[in-house]
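Chain nomenclature is as follows: A, B and C, assigned in order of appearance, with residue numbering initiated at 1 for each chain independently.
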Amino acid sequence: MVQRPKPVRRRLWASADGRRFIAGAAVLAVILYGQTVYGMATASSRLDPSLRNASGPSNVVVVLDFLPDRFHNERVAQYGTFAGRDGSLNRLRLRYVSPDMLRALSEVAWIARIEPIK
Amino acid sequence: MSMQASPIAATSNARRALDRLTWTVAPAVPFVIVFAIWILATDLLQPSKETLPPVSDVLGAIKELALSGQLTTNVVASLYRLLLGSMLGVITGLIGGVIVGLNRKLAESLNPIVVFFNAISGIVWLPLMITWLGIGTALAVFLIWNTVFFIVFQNAALGVQLVPEVYEQSVRALGGSRWHAMRTVILPGALPYILTGVRTGLGFGWRALIAAELVGAATGLGTMIFDAAEYHRSDIIVAGCLIIGVIAIAMDRWLLLPIERRTVLRWGLVADAEKER
Amino acid sequence: MSVVSAQHAPAARPMPMPTGWAVVARQLRSVKILLPFLVLVAIWWAIQTAGNFPERVLVSPQRVFDTMVLLISRGVIAEYVSTSLKIIGIATAISVLVGVPIGFAVGANRYAARSLEGFLRFLQGVSGIAWLPLIIIWFGFTHTTTLAVVIYTLIVPIIFNTMIGARAIPEHYGLALRSLGAGRLRLITDVYLPGALPSIVVGLRLGMGYGWRALIAAEMLVRQGGLGDLIFGARTSGQIDRIIGGMIIIGTLYLLIDRLLVQPIENLTIARWGVLRK
């Protein structure tokens, strides 16, 4: 049997290159997931209290802080049935939003508030 | 003495000849395999002409394009743009690279900028340049210039930096001017790198050209392919790709490599020209 | 005097922590990198102010910055950046998993290597973008198409460099291990892989450079999200601020990945296994 010599294991953070790699990985993680994590962390403040314990499909108004691009309309429409505006252009109506979809919707960072349709 | 005619010598001669034959023929083998698979797939799977055009269609398309003169027009148009952009790129890259190579402080301070613009060289400029230059030759020439410039620049700077300072200093010590030192020592010394840069740059420039003709100039190989895509003429698409590849190889092997070999070897400069068989 | 005593020697005096001016000097060095860019932005701002260009042609650095902050806060940038990064990541993984074995398999034999080299050079000459129309016919305007083009671009340098790396390993390394009874798996893990690794990583780095550019170009045509889509789409609506902002992000992202992720891997690999020339 060939004896494999034990290689000297150096910690990744021991070398400058290792530290750079860790920093790079951290920056990458923030870029990829930063906004998602922020959205998840602030989810509760986004959802209207009356919608917190929804058991079945709800009809909601998605309120944005800005005038949405086509990009935003398309993304929002994926969470339910798009039903037009609710007064102004930055208030979008969504019907038949399941509880799961509602939770996911509340974790979207760029949505300001989610209110029930009046 | 009679060893020459012995069977052992004979077989080793034959083996050497066979080796040499295999060596020469080897590069063609993958192409033959690909062609064989292509023909088999067309026969067995019977895909639509759009998905996989049969070899005969592609060859027919090449003939058709050649005969109608379209091939010549497009190839010439593309090569013209490549030539223009590359000349500009080589000249500016050379001047810039030599200046930066001679001046260490300048090189250090400019380095971050060069690295950044190298990261966005080529196609990334397309949207901005369409807005500024419109669609056409100017756009393609800019994109090629951009690609070639950075490659030649970096290679020239590297080449100049790597010329041992003592050579230049000895010329100056014997009374030569800076320009004299440049002409006799620095430029010839940096030449291998410069030529490698030119050769690499032209290869990349050719590839960038096709991408530049994306949005369509009036003529050119890239345009030919994208026009063909609109009419679902896959045979022309494949024909175009093959022609692009052939020109790339021909340009490198029969134009650039000999130049590199002849200048570098003739002047007895150390280079990796021998790396190429 | 002997090696043993050196190993047991008391630790040298502790690493001096940078103090005072040394700390300031180190910070200043990183600022020095930013200086040329600040000059560039200043020149940009000057040209824009002096030239009084219409908005469709050139906008101020301030405007670009504001627009980008806006787009980031609205989640647009995060998604487009995410798409691009994921595609390059998957493409890199697939290219390495497929390309390295091919490189080893072919690199072992001189004739096979020469055979494949010519073919690879041909493929390199035809950029992935030239094949794009055909690939769109096969896979449609989807991420698969973009992925295919990027893999095509990435895999060639990886195979090339794996072949070079494998061929550069002196035969007697493997023979020595085999004479001691090592099986094929040990040969791969202890001789071929480490020996070729520096070259492979160089190929990976080259490939990622080409691949990133091919990715942007492909996204411009396929238009299914990603940074190429962002800057190309902004062209039709004349949003120069988005175009310039997108270009800056594209460059910065590539530099980030290259300098902070790939280059350290390259250096660590060479430091650990760089017995042979790069």
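Keep in mind that, in the parts below, a contact is a pair of C-beta atoms (placed from the backbone, for glycine too) under 8 Å apart; a residue touches a chain by one contact, two chains touch by 3 or more.
Predicted model, so just to flag it, every value in this text is computed and none were measured.
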Whose Cα centre is nearest the centre of all Cα atoms in view?
C
Best-connected chain pair, where connection means C-beta pairs in contact
B-C
Taking each chain's centre as the mean of its CA atoms, which one is farthest from the centre of subunit B?
A
Rounded to the nearest Å, the gap between Cα centres of subunit B and subunit C is 21
In angstrom, rounded to a whole number, how far apart do the mean CA points of subunit A and subunit C lie?
28
Go ahead and note the Å separation of the Cα centroids belonging to subunit A and subunit B.
45
Of all residues in subunit C, those that touch subunit A in their complex
70, 73-76, 78, 81-82, 85, 177, 180-182, 186, 190, 253, 256-257, 259-261, 263-265, 267-268, 271
Subunit A residues touching subunit C in their complex are 1-2, 4, 15, 17-18, 20-21, 23-25, 27-28, 31-32, 34-36, 66, 69, 71-72, 75, 108-110
For subunit C, which residues are in contact with subunit B within the complex?
32-37, 40, 56-57, 111-112, 114-119, 121-127, 129-131, 133-134, 136-138, 213, 216-217, 220-221, 231-232, 234-235, 238, 240, 243-244, 247, 250-252, 254-255, 258
Touching subunit C in the complex, subunit B uses residues 22-23, 26-31, 34, 50-51, 109-110, 112-113, 115-117, 119-128, 130-132, 203, 206-208, 210-211, 214, 222, 225-226, 228-229, 232, 234, 237-238, 240-242, 244-249, 252
